[in-house]
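One chain, chain A, links the two complexes that follow: it is found with chain B in the first and with chain C in the second.
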Partner chain A sequence: MLLEVRDLHVEFRTRDGVAKAVNGVSYGVDAGETLAVLGESGSGKSVTAQTIMGILDTPPGKVTGGQILFEGRDLLTLKEEERRKVRGAGMAMIFQDALSSLNPVLTVGDQLGEMFTVHRGMSRKDARAKAVELMDRVRIPGARERVRQYPHQFSGGMRQRIMIAMAIALEPRLVIADEPTTALDVTVQAQVMDLLAELRREYRMGLILITHDLGVVADVADRIAVMYAGRIVETAPVHDIYKAPAHPYTRGLLDSIPRLDQKGRQLYAIKGLPPSLTRIPPGCAFHPRCPMARDVCRTDVPPLYEVTDAPSERGSACHFWRECLHG
Partner chain B sequence: MGRYVVRRLLQMIPVFIGATLLIFLMVNVMGDPIAGLCGDRQCDPATAAQLRRDFGLDKPVWQQYATYMGNVFTGDFGTAFNGQPVTELMGTAFPVTIRLTLIAILFEIVVGIVLGVVTGLRRGRPVDTGVLLLTLVVISVPTFVTGLLLQLLLGVKWGWIDPAVSSAAPFAELIVPGLVLASVSLAYVTRLTRTSIAENRRSDYVRTAIAKGLPRHRVITRHLLRNSLIPVVTFIGTDIGALMGGAIVTERIFNIHGVGYQLYQGILRQNTQTVVGFVTVLVLVFLIANLVVDLLYAVLDPRIRYA
Partner chain C sequence: MAEPILEVRGLVKHYPLTTGILFKKQVGAVKAVDGVDFHLDRGETLGIVGESGCGKSTVAKMLVNLERPTAGEIRYKGEDITRLSGRALKAVRRNIQMVFQDPYTSLNPRMTVGDIIGEAYEIHPEAAPKGDRRARVRELLDVVGLNPEYINRYPHQFSGGQRQRIGIARGLALRPEIIVADEPVSALDVSVQAQVINLMGRLQDEFDLSYLFIAHDLSIVRHISDRVGVMYLGRIVETGRDAEIYDHPTHPYTQALLSAVPVPDPEARERRERIILTGDVPSPTNIPSGCRFRTRCWKARERCALEVPALAVPAEFRYARGPAAHDSACHFAEEKRVVPPAEEGAGPVQGPSPGEGPFAEGEGPSAGGPGASEGEEPGTVGPRRRGAHREDGEGGADGG
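Now for the complex of A and B:
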């Protein structure tokens, strides 16, 4: 396994108390595999990713437990200098808003080339040539001229391509894309996702795709991990989950996708709001919003049960996963 | 860019005329410039009339202004009442003040920015609180108090420096006066840098820079500092003009014969030509410094393009 997250716990110390952002998350990604991490905002999906990358703001953030094994090494025990060398070269991250994530006062050529001068010790001239090559690779027209331009001179889609180019610059084994298409027009979204999928295949990279958009997931992901209140509530191969979810929360998410064959009907929405991370409900965190909740859900935290009825490897953190799967 | 510079230069003309006219009129209402020329005694009317004619003071004010400005553009700033050409006074005063300003600016850049970066990166820690408190004290205490205090302690009590600067005013003697002159701005630069750094430190592009695996010093200097210094540079640039004209107090305390000293003397002795001449040059310095800052702004932040 390329990356294995084991029982990760992350907290934030805030004025309102300790916010438990990640509560025992475990997941793994193989080389060449795409794992989609799905969840609402505040579900802990981005915090998990930032912890893997080692870019969590500490303080207020604090890793309170768990392991992050990357190619067999526990990243959490590495010295900062070792960790730094993994960032960018071993694993890279694509952020949501490319405009604010790129430095406004440096040319894109400088920002791309920096990867090569810092990690590979290349000369500025060679790094510049590499930058042009990368921009060609992500299909930015006129790369040779545009390498001297600044981020604000590019369109949203082109900027996100630059972010992608920066992420794949050193051919990392793992790429984490945090909502890479959320800030883009719908038409551009598909192009960017296609490019990402293509590059993943070509370089055989592991890809963690963080999103709240179920539509994006179906086409590109191999596996899905659904997160709620800092835990994984369901994990399964992508097609199984669409066919038959084994957790009421996943079911709620799937039901809230607008469908062409149900035109005119009121769209389903999961009632209530995600819980505050400083006051996560006892028992199953989803129980106040769950249509299937019973007494046991209010007291016992469900472990990630192995879903044995399914032909593939999947898990659900619901006491009544069997009912959910077949009902 | 070229068109922008031309437009800005053209805009400077009305500002220049307005500012100089204002100072010209103000100096004229200050009182009769002839009155002080005959010492303590009243001037003999015939002499006074003669002097008035010689200096062109019998003509209407607008004509005086026009004549004066005409002369200024040929490099003639007139003659002080003691017979010395004003340009000669400038020739001795400006180099001194420029040296003083240079030292003050250097203090602002080096000390101010370093303190700002350090405190900005360590917000809420003891260093930050300490420096913040210090800047507050420096800002609230008037310059003449800081100046006199330093002069008393360093110059008189401990004898580290000469309490008064010699007339040659070499760089070494101007270090302490430069620090005094810079003090308030220095505190502002520190605070401005601190806020800017602290704000940008949480920005997305800094997070990207860290995610790229860049070493910490590179993240700070190349990504964080470059963006955070934009407002600081603007402040320091506009401060050049303020420092050059605002050195009156500091120059008085340390007996530096610079622009501030000459202006002070000019005002005391109702030396119209000196006051108007020096202020005219200061207005020019101020305008040019502002233009340079605006152009520098575009260099530092590529999102700003002047057309």
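Now for the complex of A and C:
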């Protein structure tokens, strides 16, 4: 495994009490593999990613348990300087909102070039040449001229591609993309996802793609991890999960999306709302919304069971996964 | 056919671009909406799709009189409401209400839910006698599935989905005939989106509402619409019944748009053809001559730069009665199926699927209603391969 997150716990101190944003997340990604992390707003997707990248706001955030193994080394126990070195060269992140993550007063060329002057000790001239090369690489037309322009002079899709260029500049082994296309139109989204997939293949990067779009997941992912209230509730290869989900929440999500290839009138709607993280329900956090809930669900937290009936490696945090899988 | 409840002809909205501080000089215009035609029948849903900046919200604002058109007509039951003013306009406005995209900013945070929904009665006191208003608001809360006891709460005490229900209740307060919904579920999570969409479907049946439903999510639009209009750079470029647009698109832009939509079915990855457009959408201050899509169209030829294609049934389909015979503004319209038909038994089945255990019942009353299963053209049943629908596509286009 390139990256393995084990039983990660992260809390935030808030006015309403302690918000348990991440409650024992475990997932992993191999080199050259795409893992999609799927979940609704507030389920802890970004906080997990920020913890991996070492950019979590502390305080108010606090890692209260778990391990983050990157190429076998636990980032959480490494010395600060060592940790920074591993992360700096080994992993990179792409954010949802490119405009606010690029520096508005520096040219795109300077920002890209900085990656090489700071991390690789290149001269400004060489770094500039590298920047042009990267912009070409992410298919920005007229890179040689546009390298002198500022972020606001690019369209949303192009800015996102510049973010991708920054992320791949140092050829990281792992890239985390947090909703990289949510702010973009579908035709532009298709361009950007296409580019990401191509680069991932070419550099054999591991990619963690954070999204709430079940369509995007089906298009690009190898494996999925579904999050709910700060936990992974199901993990499986992408083909298996769409065919037969082993957790009622996943099943509810799949049933609740309208389809492009079918017309219907009534959608299945998961009743109720996701829980407040300061008051996570006891037992299975999904039980107040679950159509299959029974007494045991209200008291016993389901572990991530191994789904043994499946030919591939799967996990489900449901006491009754077998019933869900075959029902 | 009966007269449409709403008919829009040649609708235009240009925002002037000016320079100078003291003496303003107009140097151009943002052509946000640049000649839009459509009609809406009673009880029907017309979906409007298109990418960011194509003018969807501007159309919506003109319909509810938040913006004045630069040119064109908006006919409500035959009467051009752009020419009305005073009391006559007010009377018409009552019947066309809007639901906004953003449940977080479209509600005044300092007003209670009761005041927000009841505000309409201050402007239109004739709609409900003073003594009845609280009761009316409670009834509306109940209709949209909120606890009437919440009448004195403030917007921040509700979740996003609940706030959108408040927005819908406000839209319904005056018992309008038409609801213009501008991205009503775009800000919501998937599980909550389904709740609001089902609610809108139920209300439509219950109150015989006509919807103009604007969204950039093509799957949601297909789900809810009887007919669809595709907008590009201020114009509708293709329009037709849902199956005509989704299964038999003839305009290159629609085809590209549909092919780009991710489908929640990993098996479809290999079966799908992607049309990846190059370039960016041109600025609405500088619209290309001839066909406005030509700068991104892979089929563009000389004629496309010279002649503006009209929104009409293309000549090659005019005498064929198939689903390709619908309005499309392209000189070289061709049918091309880009959304593979749903495979039987692929993935968890959605929609009314009796006997599906705990997942059979959705939220709210029963399904059905008009258009529950229309759009099923003959011959789409059963699993099919690429070659099969190719043939089919051509079949619909014969005579051309």
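In this text, the second predicted complex is superposed on the first by the 321 of 327 C-alpha atoms of A that agree within 3 Å, B and C clash if a C-alpha of one lies under 4 Å from a C-alpha of the other, contacts with A are read in each partner's own complex, and residues count from 1 in each chain.
Please note the rule applied: contacts are C-beta pairs under 8 Å (C-beta built on N, C-alpha and C of every residue); 3 or more make two chains touch, one makes a residue touch a chain.
A quick note: this is a predicted structure, and the numbers were derived from the prediction, not measured.
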Mind checking the superposed model to see whether chain B and chain C fit together on chain A or clash?
fit
After superposing on the shared chain, does chain C or chain B touch more chain A residues?
C
In the superposed arrangement, does A:312 touch chain B (first), chain C (second), both or neither?
neither
Partner chain in contact with A:84 - chain B first, chain C second, else both or neither
first
Contact-wise, after the overlay, does A:58 reach chain B, chain C, both or neither (first, second, both, neither)?
neither
Who does A:276 touch here: chain B (first), chain C (second), both, or neither?
neither
Answer with first, second, both or neither: which of chain B and chain C does A:166 touch in the superposed model?
first
Please indicate which partner A:187 is in contact with in the superposed arrangement: first for chain B, second for chain C, both, or neither.
second
Could you look at A:103 and tell me whether it touches chain B, chain C, both or neither (first, second, both, neither)?
first
According to the stated criteria, A:262 is in contact with first (chain B), second (chain C), both, or neither; which is it?
second
Tell me the contact category for A:123 with respect to chain B and chain C: first, second, both or neither.
neither
I want to verify one number: the closest Cα approach of chain B to chain C after the superposition, in Å.
9
Please name which positions on chain A make contact with chain C in the complex.
40-41, 155, 157-158, 185-191, 193-194, 212-219, 221, 238-239, 242-245, 248, 251-271, 273-274, 291-292, 327
Show me the residue ranges of chain A that touch chain B in the complex, using the header's touch definition.
53, 55, 57, 84-89, 92-93, 95, 97, 100-107, 114-115, 118-119, 150, 152, 166
Where on chain B does chain A make contact in their complex?
202-205, 207-215, 218, 222-223, 226-227, 230, 300-303
Chain C contacts chain A in the complex at 51-52, 159, 161, 189-195, 197-198, 201, 216, 218-220, 222-224, 242-243, 246, 256-269, 274, 276-277, 280, 339-342, 346-348, 350-352, 357-359, 362-364, 366-369, 371-375
